[in-house]
Every structure is written in structure tokens, then in C-alpha cells.
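Once you scroll down, you'll see the structures, which are given as C-alpha cells.
Both complexes below contain chain A, partnered by chain B and then by chain C.
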Partner chain A sequence: MEENPQAEKPKKEKIPRQKMPEQNVSARIRNFNEVPLGYDPETAQREARRCLQCKNPQCVDGCPVEIDIPAFLQLVVDGKFVEAAHKIKEKNVLPAVCGRVCPQEDQCEKQCILGIRGEPCAIGSLERFVADWEADQGETILPSLLPPTGHKVAVVGAGPSGLTVAFDLALLGHDVTIFEALHEPGGVLMYGIPEFRLPKAIVKREVEFLRRLGVKLYTSVVIGRTIEVDDLLKSGFEAVFLAVGAGLPMFMKIPGENLNGVFSANEFLTRVNLMKAYDFPDVDTPVWVGKNVAVIGGGNVAMDCARTALRLGAKRVSVIYRRSRSEMPARHEEIVRAEEEGIIFFFLTNPIRYLSDEKFWVRGMECVRMELGQPDSSGRRSVKPIPDSEQIIDFDTIIVAIGAGANPIIASTTPDLKTNRWGYYIADEETGLTSKPRVFAGGDIVTGSATVISAMGAGRRSARAIHKLLMESKKV
Partner chain B sequence: MKKDKKNSEPLIQDFTSSFTVVYKEEMAKRTICRMDIEAPLIARKARAGQFIVLRVREGGERIPMTITDKDPEKGTITIFYQVIGKTTALMRTLKVGESFADVVGPLGVPDEIESVGKIVMVGGGTGTAVLYHITKAYREKDNYIVGIIGGREKELIILEKEMGVLCDELIITTDDGSYGERGLVTDALTRVLKDSPDIRLVWGIGPLAMMKAVANLTRPYRIKTMVSLNPIMVDGTGMCGCCRVTVATQTKFCCVDGPSFDGHEVDFDELLKRKGMYFPQERESLLFSVR
Partner chain C sequence: MNFQSVGEILDFAVAKEEQSAQFYDSLAAQVRQESMAEVFRELAREELQHKAKLLEVKQGGTFQPAPEEVADLKIAEYVVDVEPGPEMSYPDALILAMKMEKAAFKLYNDLAVSTKDAVLRGTFLALAQEEARHKLRFELEYDRNVHQDDY
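On to the complex of A and B.
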């Protein structure tokens, strides 16, 4: 401890954290283009030079998929951007995605030594830069695959967790087939996260990369309905990884929730992102958005809904959150961007019923003021309504973004797959193994709604366990 | 027994489906269309009461469509649809040999079909196409089946011959009296309920107003009455919650909890209003396409 090797280094130049240019507010609220515009090579190198190249890098410990961050940053400093991308891809199949949507401030950048006295190195922005740089060079080089093992694995769900497992197992030489229920692969990256935060061309590029690794992908196949899990095991797959996401939107079970003009966040975002309703009537799927929109919830999905509603032409968009700003689960930068764009926040406010006009359309909500109590066992502060604080606020559109529960389809047709009382699959924390032999699970269907990177981390751990299982069965 | 089991669940060798139209038949002055679609995985699994979600082309809507029949040997499913909006109009333009962009299914909870005795199967308009698959399953379970199928006029009566084979008695009604009995299916049902005290189960499938009327007719008799709902859907797998319907005061997702529900418990009025949510956009979409 007393010998800090970093301190010994001769005069490290003082560079401030490099800001990434953004679309200005008045322009961006009228389009669906990405808000941050990315680094240029000089800025990227300047930022990467801030890295102290710690001998014992804390940032790597903060990364759920254990990217060798100092190594890729050094490659950026050296101008070897494509090599830097390859360095990341040794551990992360989706760098262009993670560079954009990972909560780096809670992970790698939180651990960065520079962050103690000043601002941490902008690892996420640099990850994004090198991934985009590599893609812009055209042909991306494929990593070397181990020789084919002949073992077949089925992956259910082409979201972050499923794509990670497929990638890891393909590299190890296994024969991987992904089944996706929707008509496009990508899961939440495709239907959930808006274009202005994650361009769909990037998701398509990353999926294409997997295909080039030899991974087979079938869309419009609902495992549990089109093919049951047992059918997969009987059809030659030696292991199955279930990464179906938490696909069942929650509602608050309050009066008026089925009025026209009340959506789940999933429906609203799916219509816009997957079905591209912003191009209606050039595409066939419409979306309703009124002039005065309320989004219920305080997470990233709520921020996405609010900012999407604004871009679809809403005059006034409000976020209704029952706790206060400091308890919001959304990323800080998403909250800031929403505020910059003019989203209004009602904190410590909770709807108790929605009001109907004479045509069954929502016209407003009755809500109560809330007060915070003591933190509960999870450290989150409890919240309770203040008596006689009811008030009515007018809205013509309500988007309920309070999370998603467990989708019942696979569990209902797979009797020996055990679930907990909320319907999430019970799976070993380290391996993802479920109660059913040879069946693994990871991502939101195990943990409930969480982040892209935590789903990827679960995929990485399960891939190891599946590989071990397959290689052991070879010996028999 | 062994052979039977083997035949019903062959191992899956191939996961590809072309979704190609292999048979097409237009009827009722081209307002109703039957299509057989190559979808072997769906044909293999489809059970009575289940549905598919399809897209005609890139940029197309995802719309739910109930499965009328399946042929696991040929690997095809059969659907019937009435041309009422942009997507169904686009569907009709597909020729034999052309393909849907995608078809996903079978979705929804399959109905539990049992031997219950005397049952009445009521179908209105293209609802009869949904009813047919379920009726076929009841036939296999040896029930006494009274069929009532109806439409506005003679041309709109579908699957008469096929239902005739399945039903012990078949009553046909038309609003204008151009074929069968003059009147509504509910008029015929009223009579059947009066005449037959031994009815154990009624299925009503058709327009919402018809299903509501069927449920209201059977309620005083306390006869179990099932309906199959067709609300607006997007994904059809529980993900979006667009297809919310109130059943016994609880909110259900039609796609994963249904599409069949106890008709005496369904809030039809709410569903009717929810179905109208996108009327202006549906009209705009249709006008845009003919512009």
C-alpha cells in the first residue's frame, strides 16, 4: 500500500475528462437520432491518456464481464483502435451496446482511482468509440474459434443474456442455436431501448457478427408454445439456456387502468421501437400519444418513455414517481437529459385511480402525495401516502413504467422447471442451473427487471457452466 | 399406444418455416378468404382455441388470427379472415406461392376439451372459423353437438359443409332470410335453450355484440358459456399488455391467459371500447394505402 506505483510515474499530464458532443436540445426533441455523437479519434486518445494503467485495476473488478479495461485503453492511446475493439470483444460480444447503455457510473467508472479526487476515466465513452470505429472500418475480423466439439446448445431469447451465452459457447466450438419469439433478434435492445439511446443498426450489426461466428438464429419461434423445452432436449440439444426476459408488464391494479390511452411501457416502446410506429402510416403499426402525457415510474424505462413521447409530439410530458429524485433508479445521465428536454417531474406522488371521459378515454388521474420513511432491509426507503392529500391532475395519455413480472409461457409448459412465488425461475446464482437437468437460465427471468450488463454477466457465468457440462459428457 | 405416442411427437429435425401460402380460396364476394400456410412447427403443436400472430411483409402490423385447422402431415395451418382493414386487405393480395413475412404460434392457452354431453356451438360470421377447430375437438371427445352458425346473408355463411359433418344438428341463420332461418344466431339459441333442458355447455364465437348476447341468454340457465376473444394485440406473448380484458373483475392478458374465457365473466362493454381505440388510425392507414 505504501508504494503506490502510479504515484511514482513522472509528471502525468493533467487532462480533464473529455466531454462527448451531443445533439442540442431543441434539435433532438424533434428527431429519434442518437443524442450523444461520439468521440473523434483525437478526443478519444486524449481521454484514454488519463488512464493511470493501475497494476491492480479496480475498474476490471467493477465490470460484470471482466473486460481488460487498462489494456484496451492503452491500445487507444497507441492509436490501435481496431485492436482495442478486439481486446474488448475477448470478453464482451456487445461493446457498441454496452458503451451506450451500461451504467458505468455504478460499475467500472465507479471503481476508477481517478474518481477519488476528480472525474473517472470515461471508459464507457471509449468502449463505444472503439466499437464504432471498428464497425466503420467495414469488415470486422472474426475472433478465432476453437475446433467444433459437436455439442449442441439451444439458447432461448436473443436479448443481452442469450446473445452473450451464444457468443461464449460459439467461441468454445459448440454448435449454438438461438430461438427468438419476436420477428427481430435483440430482445430489449430492439423493442425496449429507444433509437435515440441505442440505434437499431448497431443491434443488427452485433447480431450479424454472431451469425458470422456460425450461430444459428430462428426468429418467430416461441419456446414453450411452438416448441417445448422438452422437445428441444429430445431433438438433440444437450443443454438449454433460458433467457426470455421478464416479459409481462406490471400494472398497479388501480381503477381505470384499462381505459383507452393507458399503456404499459412495453406496449408503448414496442410499438415505437420494434414496430417503428413513428413512421406511421409508412409502416402499418400506429401508436397513440396525446398532448399531455404522464409516465408512471422512475427507472430508465420511464425516462425512455417520457423522452419518446416528447419526440412523438406530446406538448407536455410528466414523470410521476412515488419517491424523491435521489431514490430514482434511472441513470443520472438519463434523468439529466430528460430534464434538459423539458420533462416535468412530480416526485413523492402516486396515482390511485384514472378518470374517464364520456368515451372511455383517460382524462386525468387522482393521485396522492407520499412521504418517505426509514430504509428497509434492502436499504431502500419505504414510502407511504399522506392522508387527505388527494388531488386530480389532467392527462390524456398514461404510460405505466413500473417494471415487468415473469412471463408464464415456458413455466406453464415445463412442469419440472421450478419458479419462485413471483414466477421467476429458480436458478443457481453461479451457474444458472435450474431445477431441470441440463436447463440453465439467466437475465431478467431469474432476477426480475435489471440491467443489460447484469443479464450479460449471468450469461457469461452460465456459458462456463454449460461448457463444463458439455465437456464432461464428452468423456462418458 | 406406443406407436401413437411416437407419431404425435416426432423429433424436430428442421426449424425453418417458409410461411408460404399453399392454398387460397375467396368467398362471400371476396370479403372472406381462406388460406393454408406452410408452417410445420405450428401445425405440429396447434390445439383447439389457439391463435397465431402474423405479419404480411416488412413494416407490416402484427395481427392475431385464430387457427381454423391444421394438417401436421402436410405441415400446414388454415386460417379464415374477413377483409376489414389494411392488413387483411394486404393478406388477400398474397398469391399461392407467396409468403408471409412471419407467422408465430400457436399462441394462447389450448382449450381443455372434455366429454360433457350435449353442447351448443354458436358461430357468427368468421367466428365460425374459430368455432370449427374447437367443435372438431369436441367431436373427437364424443359429445352431442348442436351447431348454430349465422351471418348477415347467404354468402357470409362459411364452413357449412364442414360443420355439418361435425354436428349432430346444424342450424343456419341469416339476418335477411336469404338462407336457412331468418334471424340471428341468438334467436335460434333462444329456441334451443328452451327446447333442450339437458345442454351442458355453450360456446359462442363471433362479433363481440353476439358473444355478449349469447352469454346473456345462457346466464339465467346457468349453463357454462365459453367465448373466444380477439382484442388488439402486438406481440401476442404477454410482453405488451395491449390485450387487457376484464374477466371476473380481474385484468387478464388475452394472449397468455386466453383467448378463451368464461363468457359470463367477461366485461364485453370495456372490450368493445378498447377495440375502437385505434379506429381513426386504422382508417388513416387504409386510406394511405389506396392513395
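On to the complex of A and C.
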């Protein structure tokens, strides 16, 4: 047998990748509970034992925040689960979140050496296991904070990027205040990603932890309206971190998008999540969804909308995607789950207008068949309509999940904050510093829609730069 | 519209590009965000480049369509009209631009259909093809950014 040159202990017993149990399909489409159920300790240890403890671990290169993956896996093997969680938290403050929502198949697990011949180590599932284990032990022990510095920092937006900055700066002894527009902190973790993929109790637990570190959090405050960025700077905050995400829904701008029954993904998911429609009938705020729903788009957000609509009681949910299945950007496991749950897929199909009944409710769409063209320089294949291929399909609800952009509120009230043409803030890649002195930015509002872990990585880099700025200003 | 020579047609096309450039420059002066002003200045520059290309063609004397077809994503056909104004977003600016190119394409195509002279018809078709190419550039940019593949 050929030996792996990187491995310290190459001879390993052959353990297959451990499957995580899941709720069965017929039950899960009628509830909002999490679909994967988590490992038990024995399964977790069996899976962690598959790790070869490589000397030059490729998985670490694949992780945007460079978690010491072999070290945490070894702690799992040794049964030191809480210590394993702490090891991850050295680099990632939200492991219970990332273990669930990171696209591991494109990051750490993609690089895992076991994946060359077989299946990679289930790093994400183990990250989730240790984080949940630690939480189940009762109140998490607070890390030691540095003595107060007296420096005040404002963070705008309580999504993963803002929460990370707040966490890092609080540990360094700074006085941090977060302003959040919505009535619940958490950003997309709270109002975007559905309960069945990321239970809201986990997000609440992480936010609570931040409060215990002394971070102040004001909700229902939209910066750029009554309070502007300049007001924050004038009122004693020495630095501001803008982490407002990319929450402005994109529409195709085709006729009929303003009909009743046509929603953006953002509006639909926010209503379900923030109005706790997933708890209906225990909570009295159901979200209306029709019987015959179409979701436009082929990414993770489209899958989230489709599966949410199904759980709210829709009889038939269809995903309308203009390319073919192999180009779908959604995570493979989410597509498979959607298919298992009975979601119908129309590939190479694109709406061109929505049709109305006499009361201005949507009753269907006219769409065209599409064909794929040649790949362009970036490898992306263009799509164009096939002439005379129009057809009408009946629907009573349309959810548009094609993309999201930058909300202009802050940029339009902060003249010296430079944006690019799509409205995203221009910020230094390493520090997050914008064109405005003492104002930093990170996450989706700089990069456009990306991932939780990249938003957190940006927060961490900016926290370092803000700390440096504050400590240097002390010397003056 | 009655054109007698290739030169006349090209003069007309040059004037149209010039007008479009002025239109975009006036929008650049109106919009509030500097990044959008830059978008419109860029669009104005593109129109002036088209104009320069036409002037070059005029020197050479003839202008005939290329054999390969320009792809039509038909986005300009399907999207609703937008009103130009100081708060315009970039996607709206792209819609405006693609619809202007589409209108120019249609004009030259119609002129080609109503022209009997083969040389003049060829010139109109070549101009129509140029406009189709400009439209495609805006449609691709719109498509790539509005339909986000990582959303």
C-alpha cells in the first residue's frame, strides 16, 4: 500500500465517514426542526479518528480563518470535547453556526487529504458536535478580558461580521456598542437562514455570550436615518465598524413584480424568521403563503425559500432556474434534501413577466426556455432564450431569490464614504478601513453576498486594525 | 429619413453617438453618488469611442456586417422601462443603456429593410450589428450582477 508522506501515523484502521442521522422526510416537511440531528460522542470520536494528523494539514489552508483542525480533532479523539471547542474558538467565535452553515465541501473538507481516495473527514459535523457539547454543559465560562481601555467603538449591524468585531474588541478591553436596525440581533443568521438549518436558539446563545462580555446592543436603530455615522463619531465613538450586510433584494425588473403575492426572498424569509411563523400555531403571526409556489433562482437562498414554503403548508413548490442542474450554485446537500422533500425543478426556464388576476394578485408567469452559450473568460456560460419557446405556468405565489445588493441608506447620508457602482463600500482588504477616517467596514457590504465565515474573517481583521488605531491614539 | 450615400448615413450615426454621449454626461452631472457619476461618464466615453470608430470607417469608405451573429440575451426586451434621475442605481443605468442601444439597433434595422440600394443596406446592417454588440455588453453586465450565482 502506498503511504502518505505527510502522515505521522499512516496506518489507520479503515473507518468509513460517519453519517449524521437526519429527521425522516415525511416528518420534516411538516415541522421547522433541524434536519440533521448531530453526532453522539462515540460517533464523533470514531469520525475524528479518521483524521491522519497530517504534519502539513491542507484542511487548515482551506479554512478562511485557519482553525487548527488537526488539533481540535485530536482533542475529540481524546474525549476532551470542551477543550476542542475552545481550540476552535481561538479562531472562530461562532463554531456552532459555522459547523452548520459553512460550505465545508468547498473549504476545509475539499482540501482534506482523505478526500483524494475516499471521503474527507467530516470537519463541519465535528465542529458542530463540540460546540453543541460545550453549550450543553451549562453556561460557557467567560474568557478573561483585558483591563478596560476607555476607548469607545460603535458597530453598525449585528450580523456575523459585526458580532466578531464586537467580540474581539471587547476581549481587548474596549467599550463596544452595537446598533442593529432589526428588533433581533444576528443578521442573516437570525432573519435569513431558516430554523431547520440553523436553530435561532443557537444565535441567541451567541449574542447573549457577547452581552455577558459587556458589549452593549441597541436594536431597532437604523443608522443613516435618525442617527448618522457622523453623529456617532461626534458623540464619542473613536471608531465605527460598518457591517450592514447586503440586504437589498434584487429583482429582475420584469412586468408584474409589484403584484400581490410576489415577494423577495429577503422579505419572505425575514417574515418567517422574525415573526416566528415557524412556531405557528404557538405564535400568532402566520405568514401567508399560497398553495402553488414558485421560487426563482438556483442558489442556497432559493433552496431555503422553497423548503420554507413547503413547511408553511404549500401543496406544490417549484424552483425555476435558468441554467441546468449541474450549474446550480446551491450546496449539493441542500439540493438533494429539497429533491427528497418533493420540490419540483424547472431547469433552463426563466420568467419574463408575471400575470395578474382582476384583483392584482399574481396568478402565474410567462416564461421562456433557455439555452446555454459558450463559457466566457471567467468560465461562466451565458444563457439566452430560445425563440418562440414562451409558455404560461400557473402559480399563486412567487418568491424571487436571484440576489441581493447594498442598501444605500448609510452611503447616501455619509458623503465621504466611497462606494463602487454597485453600492458596496470601498475598504482596504487587510484593515477594512474605508475612505472615511476612523470608519471601517467588512462583510457582505464590502464583498457583496458571500459567506458567514468570510464576513467573520473580515471582522477579525478589522478588529486588529481598530485596536491598533485606538492604542496608537492613546500614545498621542 | 432619406439617405443618399454611405457618408450621409455615417454622419447621421456619428451625430447620434454624439447625442448619446451628451445625454450620459448630463446624467453624470445630476446623480448624487460619485460612483454613479463615473458610470455615466464611462458610458459617455463609450459612445465617443463608437463615434471615433464610425469616423474611422468613414475614412475607409465601406462598412459591411460581419458574418457572425451577435448573441441576443433579450434582457432589454423583457425588463420594464426606467426613468433617468439623480437617484438612479447601476442596474437601472444598465437598463437605460441597453434600451437605448436596442432602439438604435431597431432604427438601423428598419432603415435597412426600407432601403433598396445594397451598399446602403449593408451599411445600415453593419451599424445595427454594432448597436447589437453594445447592447450585448450591457446585457451581460446586467445578467452577471443581477442574477448572482453565489446567492
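What we mean here is this: the second predicted complex is superposed on the first by the 457 of 476 C-alpha atoms of A that agree within 3 Å, B and C clash if a C-alpha of one lies under 4 Å from a C-alpha of the other, contacts with A are read in each partner's own complex, and residues count from 1 in each chain.
Rule of thumb we're sticking to: contacts are C-beta pairs under 8 Å (C-beta built on N, C-alpha and C of every residue); 3 or more make two chains touch, one makes a residue touch a chain.
Quick caveat: nothing in here was measured; it's all calculated off a predicted structure.
Q: Looking at A:264, would you say it contacts chain B, chain C, both, or neither? Reply first, second, both or neither.
A: The answer is first: A:264 touches chain B but not chain C.
Q: Just checking: does A:401 make contact with chain B only, chain C only, both, or neither of them? Give me first, second, both or neither.
A: It touches chain C, and chain B stays clear.
Q: In the overlay, answer first, second, both or neither for which of chain B and chain C A:80 touches.
A: In the superposition, A:80 touches no partner, neither chain B nor chain C.
Q: Where does A:288 make contact in the superposed view: on chain B (first), on chain C (second), on both, or on neither?
A: Only chain B; A:288 stays clear of chain C.
Q: If you stack the two complexes on chain A, which partner ends up touching A:183: first (chain B), second (chain C), both, or neither?
A: first
Q: Have a look at where A:300 lands relative to chain B and chain C in the superposition and call it first, second, both or neither.
A: Second partner only, chain C.
Q: Of the two partners chain B and chain C, indicate the one touching more residues belonging to chain A.
A: Answer, by number of touched residues of chain A: B.
Q: Could you say whether A:253 touches chain B, chain C, both of them, or neither, answering first, second, both or neither?
A: It touches chain B and chain C both.
Q: Indicate the residue numbers of chain A shared between its chain B interface and its chain C interface, in ascending order.
A: After superposing on chain A, chain A residues 253, 408, 412 contact both chain B and chain C.
Q: Mind pulling up the chain C residues that touch chain A in the complex?
A: 32-36, 38-39, 71-74, 78-80, 82, 89-91, 95, 140, 143-151
Q: Under the definition above, what is the set of chain A residues touching chain B in their complex?
A: 177, 179, 181-183, 191, 218-222, 225-227, 231, 234-236, 247-249, 251, 253, 257-258, 260-261, 263-264, 266-267, 270-271, 275-276, 279-286, 288, 359-360, 407-409, 412
Q: Could you pull out which chain A residues touch chain C in their complex?
A: Interface residues on the chain A side: 250, 252-255, 297, 299-302, 322, 327, 329, 352-353, 368, 373, 376, 380, 382-385, 401-405, 408, 411-412, 418-423, 448-450.
Q: Going by the contact rule set out above, which residues of chain B touch chain A in the complex?
A: 9, 11-13, 15-17, 41-42, 45, 55, 59-62, 86-87, 101-107, 109, 234-235, 237-242, 244-246, 251, 253, 256, 270, 273-274, 276-278, 281-282, 284-285, 288-289
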